[in-house]
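Okay, got some structures for you below.
Heads up, the next two complexes both have chain A, just with different partners, chain B and then chain C.
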Partner chain A sequence: MPLRLIVRRLVMVLAVVWAAGTINFFIPRIAPKNPIAEKLTQMAGTSGVDPTKIKEMAEAFNVKFGLDKPLWQQYLTYLHDVFTLDFGQSITQYPVRVSTLIGGAMPWTIGLMATTTLIAFLLGTLLGAAAAWRRDSRILQVLSPLMMVFSAIPFYLIGLVLIYFFAAKLGWFPLSGGYGIISIPDWSWEFAVEVLYHSILPALSIIIASIGTWAIGMRGMMVTVEGEDYMTFAEAKGLRPGRLFLRYGMRNAVLPQITALALYFGQIVTGAVLVEIVFAYPGVGTLLLDSIKLYDFPTIYGIVFILTLTVALSMLVVDLIYPLLDPRVRVEA
Partner chain B sequence: MTDRVVQIAEEADWGSLHGKLLACGRYLIRNPSLILGLALLLALALFTLLGRLMLDVKLAAPLSAPPAQPPGPGLPLGSDPQGRNLMAVMIEGTWLTIRTGVIAGGLGVIVGSAIGFISAYLGGFTDRAITWCVDVLLTVPAILFLVMISAVVQTGLTSIGMALIVAALAWRRPARQVRSQMLVMRSSGYVDMAKLSGLGPLRIIFFEIAPNLLPFLVSSFVTAVAAAILASVGLEAMGLGPQNEPTLGMTIFWIMEFSAFLRGLWWWILPPVGILIVLFVGLYLVNAGLDELANPRLRRRA
Partner chain C sequence: MEATPPMEAGTIDARTIDAKTPTPATTKPLLAVRDLSIDFYTATKVVHAVRGVSFDVAAGERVGLVGESGSGKTTTALALMRMIKPPGIVTGGLAQLGDIDLLALHGRQIREARLRHVSYVPQGAMNALNPVLRIGEQILDGVADHGVRLTRAEQKTLVATVLESVGLPQAIALRYPHQLSGGMKQRACIAIAIALNPSLIIADEPTSALDVITQRQVMKTLTSVQERMGCGLILIGHDMGLMAQVADRMIVMQDGLIAEDAPVRRLFRQPAHSYSRMLIDSVPSLGERRQPAAAAVAADETGAAAETPLLAFDAVGKTFGGGLLGGPPKVALAPCSFLLESAAPRIVAVVGQSGSGKTTMARMILGFETPTTGSVRYRGRDLAHLPPDAARQFRREVQAVFQDPYGSFNPFYKVDRTLAQPLVSFGLARGRKAIYARMEEACAAVGLKAGEILGRFPHELSGGQRQRLMVARALLLKPRLIVADEPVSMVDASLRMSILANMQDLRTKHGISVVYITHDLATAYHVADYVLVLHEGHLVEAGPPEEVIEHPAHPYTRSLVGAIPWPDPDRRWSELDPDLRASWSAPPVIRGAITGFHLRAAGKLDIRAGNPYPQPENSPVFRGRNKNCSRRHAKTGRSTNAYD
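Showing the complex of A and B:
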């Protein structure tokens, strides 16, 4: 792997992280109101929170944002905090640290996203390749455009339709949540089954909506690959169709799909956040919704930053894996 | 062979109205998904425009009907627990949602084209800097930043304000696409030819390059509108939209907020989800149908 490429990718990730941090810093400051002060006053007025605790919080935030210091100094402190993943304390669940809250929700989100992305990628790629390969198959010729139309629909709308039919009408699956209301999370076998059962509908809504995206790309590439001379040669050698399809066709056509995977991560994260909200799945998306409703700004900033970081890092990983799959990129070094 | 000759002879007649209609008709027949997509969008447009004539959209406000009524006489789609007439909500919501998408997508394409154009025109360091910034911003999931912006300005947000917020990030993709198209066109033969024949740069830009960029911009606009609607409905579903306007995204938010599924309010859930699905599929089909216009090489032998 060429070193220059790695360095360029790393600089890109740093730039994304810096941009995310900087926007996080400036948006609240150019806003007409100070959301934190407003929230604290509101809490003092409406809820029975201990006044000394609120004062303590206000002071904590003043120190945290160093509001007495000049702007550039505030900015540098802020950048330092962000790069060490320190987002301060949650307002609604004070004094829990935002990083703790996100840390608790993140495994759910990553678990859901990673499995569904993998399944959708495999199914979609296979479907696209098969649709290009077997142009005589009626089912494939109907199925792949249908999946492509589904790809235009946001994940969460498909989720709402699935909830309506399979949870509300038929009662086959739970309406919402990541596990039963009365269960206590532990590492037991029963709990794992319960989690799996609760994740079927959310996972399905992401998979149905993203198979088409992979199928479109793969079908196009497969048609191009089929026209290559080496395919004709391999066929003339009398190779079995299965080998021809997998080792000669798919192996060569799948590479742009991997690049597309990197570009698609942002969309998957956004989609997964909304799917979690629709299903009240206990991941980062639901945490984000709760924080929005309760004006918990430190948590909102933290989630936005962490999700951006996740997208940037996932793209980096794909970029670093790519040369292992495509010998041509390695040779260029 | 003769058919082909006749066809070419007919297509050459581009100047007349007859020829233009013929070319449009041929295009539609070659791209049936465009017909289907346009039909879906037209149906939505008719629904919201005719609906406004028949029903007062002020009924979309809370407390204008008895709460949580199933569909019946006077309430064709029933009402929600806050007493909104859901038929009026759908009519007004479709209109507001499409308007948000068109404003944000339109601004995105205009600003994006300008940036992409300047970038490609100036070249050198400026071009590299702009391209790099756009690349960085494209990595960032747009909706997360929109969450930040709308969370801060949340109270008193209108649907027009919503469109402007979404437009703040809608320019990235058009900028990137217009830049690459400009680079291709700048080095193409007919531009060299125009330069050689002594045309000024403005004349070349507006009379030589722009007409060729136009089909591309149309397709770019449809994509931008779809993306803007996706972003705005997503934000609204998180509760970050105009609280006092009955957009489709806000309806989705209220559905979840009032646990419509648990209470079995199916008449509240199905219409907005259905309309949004028709809207997204319609935009997708139109875009798929316009693909040939943007990339003429895809053109199949009719």
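Showing the complex of A and C:
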């Protein structure tokens, strides 16, 4: 791919990130609440502080966080910070830096979601392709509507059912959390096993819920591809069934699936919110929810900006990878 | 789908086959098909698609299998490939190819017989190749899957050999299908099909999507390969002209039965079956134009010249792309000018291959596309600046008939709605009765019985009925001009001439002018009063059809006319000329004129106040093959001083 094109794509990514970042900045400001007052009121509710003092404190904090400055100045500061990936300090968990918070939560989410998404994608795509290919197979034909049913159930619901049976009733798996309550995270073998053990139920709920979507999409594409002239010709060439299935059928049918996968990857973090809440998983989703509840602007900015970045980057990756998969979109150098 | 032959394979030996063989010259045919029957089990009934068909193919023989859609010709071919899919079942028969009965094979044998013994060249060259594999890989994978182990060097030699035998350079092996033209793709398909030297090739309408020049090239390639290999060829198609050019013997199928099986000359000279005769008659041939001479109409309107012309193309050109992100500009249509007078209706055919600019021209006439240079004027008004009222009038008076009779209807509504909608929106008829009466009238005008058509859904009608209905729909609005873009390219041959006859009725009975866009010179020859030939956006030749098609003057038109598959076995294609492409960019040739239509290849029209077109017949415009018409000038657009 010519360099000029890559540069053009990169500029597009930057433009998208900037636009999203700008919207991201202004939307929370429209909300008629002051995060500092909120936090202080909350604290006052529990510890009992003189209400008149709260106002003073709120103003002091406003100055500290720069909320007293004019909007455009806040915006410029915001842009600068954001592009240096510095989101300042969290308001609710002051004085922890937002980047530290996100950095702590990110591996959990990525680890859980990326793995499960890939597993679901691979299984679902294969299953869907096979279901389209072997329309005489009973098992596959029964499986298809079943997958459709599962894909219609939201995964947090599946999560709740799984928790009820396998954690609460049978006690095979822990009820919640990313690791045991008494353990301290470190790089030991025992801890890794514990993390894996805790992740089975959330992972299962995501896989069960999304495998059907992949399978249905692939099945549809595969049926379309089977009707193509090149499949007829390939069959007339007397190709081995395996080659017909993989190199002619799946190879072509999987192309739109790849696009869908990349777009899906961009939404991994948001997709995780409900799962993480149901399983009390220490990931970005939980962090995002907590920040929204308390109007923790810096943290919200940080997370949303990271989200935008992942979406934009995954689209860039599709743009760059797709020509390798489909020669038709390859640009002649 | 274990198709066991009705009798033991052993009882059929060479003698019993010979006894039935219609061609006694050969001792044993290459392929002997006996009593082949294929049924399709639909939800409600059993369709007997092929009913006890028997025929032979000799080695080295080219057999044409013709019939209209649904006649069972493709089903027969697929049965030989063992590619009938449920709900279709081969219910009986045998197909002896050499020592093997194709219909008795099972399991792996089926797959192994393909390509090694029988090859298939598919319809629709456009999509027959896997888009993600290189041509070379697609040649080799078939070979590899038949257990042929080759070293790298042997692979390379094989690919080069088969590509060379279809006239493609070796470098094509590294290309992907989308990098090839339609003709090259189809030749690549032939190369794939011959990789293992099969004894029989089945080609299913191999040139259906190609223009005539490429069609001739591909057919010549196919037949020369077949001759060299000495294999049998079954050519499936519905184009009697193509069959006359290529086949030695023809089998005419109708409703799953063989109507006639005869050598090609005898079939064309003395068709025994009425269906064969109908098929032959439905193809336009050279020499007898079936339409009234334009001059007869032209006689009575010499005094009408002062009227505003119906349609005027004033140095209209169109260039696509070239913008900031559009890539290099592409000239879709180099500036050209013509006038269509309103007094006498005319049928003007615009002929060209895909990419010639003919559809761009049609779209500009319809106002769907704005010209880059010049202006399109309808009754004196520039289409680009029509006031709303005039735009409405224009939309009513200029109607379109499109290529695809399947896609032109909304499948969710009964056809009545499609017909009634324009009547209602233009307020041409009020009340159910009046609307129905108008619809009946329009149906009758195109030879359809309203009672059989109205109240039905599009999918319940045949392609021919639908296309006529589109003509009827256009007619309903009492237009002055109809733009017909390839109106018959997707209907069966037997219906073509009747739809084209409908179009002539539009002119003679209803006084409607028609711009007939087509790639098919033969139909243009029969229908049109005047023919424009376009090539890559440039007008190359224009004139009355008798002159342009019977005596083409421009090199490109000559190539085009030379490639027409006339339905006459004695008028076969001449040998392939050396590549004439370079000469195709010669300046345009403008032939005799007709009244009512004036043309300039390049430059502007001479339109002065009070005297919009001073040129009478044989006007000076045509004199001396206007040097400003040269392509170089047309391209740069610096030809505004063309008129004298």
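Keep this in mind: the second predicted complex is superposed on the first by the 264 of 333 C-alpha atoms of A that agree within 3 Å, B and C clash if a C-alpha of one lies under 4 Å from a C-alpha of the other, contacts with A are read in each partner's own complex, and residues count from 1 in each chain.
Here, contacts are C-beta pairs under 8 Å (C-beta built on N, C-alpha and C of every residue); 3 or more make two chains touch, one makes a residue touch a chain.
Keep in mind the model is a prediction, meaning the values are calculated, not measured.
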Query raised in the report: Touch check for A:238: first (chain B), second (chain C), both, or neither?
Result: second
Query raised in the report: Per the overlay, which chain contacts more chain A residues, chain B or chain C?
Result: B
**Report entry** Touching partner for A:247 - first (chain B), second (chain C), both, neither
**Finding:** second
Requested in this report: Applying the touch criterion given at the start, work out whether A:326 contacts chain B, chain C, both or neither, answering first, second, both or neither.
Outcome: second
Query raised in the report: Where does A:229 make contact in the superposed view: on chain B (first), on chain C (second), on both, or on neither?
Result: second
Query raised in the report: So, does A:315 touch the first partner chain B, the second partner chain C, both, or neither?
Result: first
Requested in this report: Would you check which partner chain A:19 touches, where first means chain B only, second means chain C only, and both and neither mean what they say?
Outcome: first
Query raised in the report: Is A:3 contacted by the first partner chain B, the second partner chain C, both or neither?
Result: neither
Query raised in the report: Regarding the shared-chain residue A:170, is it in contact with chain B (first), chain C (second), both, or neither?
Result: neither
Query raised in the report: So in the complex, which bits of chain A are touching chain C?
Result: 228-230, 232-241, 243, 247-248, 251-252, 325-328
**Report entry** Of all residues in chain B, those that touch chain A in their complex
**Finding:** 132, 135-137, 139-145, 147-149, 151-153, 226, 230, 233-234, 237-240, 252, 255-256, 261-262, 264, 266, 269-270, 273, 276-277, 280-281, 283-285
Report task. Under the touch definition given earlier, write down the residues of chain C that touch chain A in their complex. Result -> 81, 83, 111-116, 119-120, 122-124, 126-133, 141-142, 145-146, 176, 178, 189, 192-193
Report summary line: Interface with chain B, chain A side, in the complex: residues 12, 15-16, 19-20, 23-24, 27-28, 31-33, 35, 149, 151-154, 156-157, 160-161, 163-164, 167-168, 175-176, 266-267, 269-270, 273-274, 277-278, 288-289, 292-293, 295, 297, 300-301, 303-304, 307-308, 311-312, 315
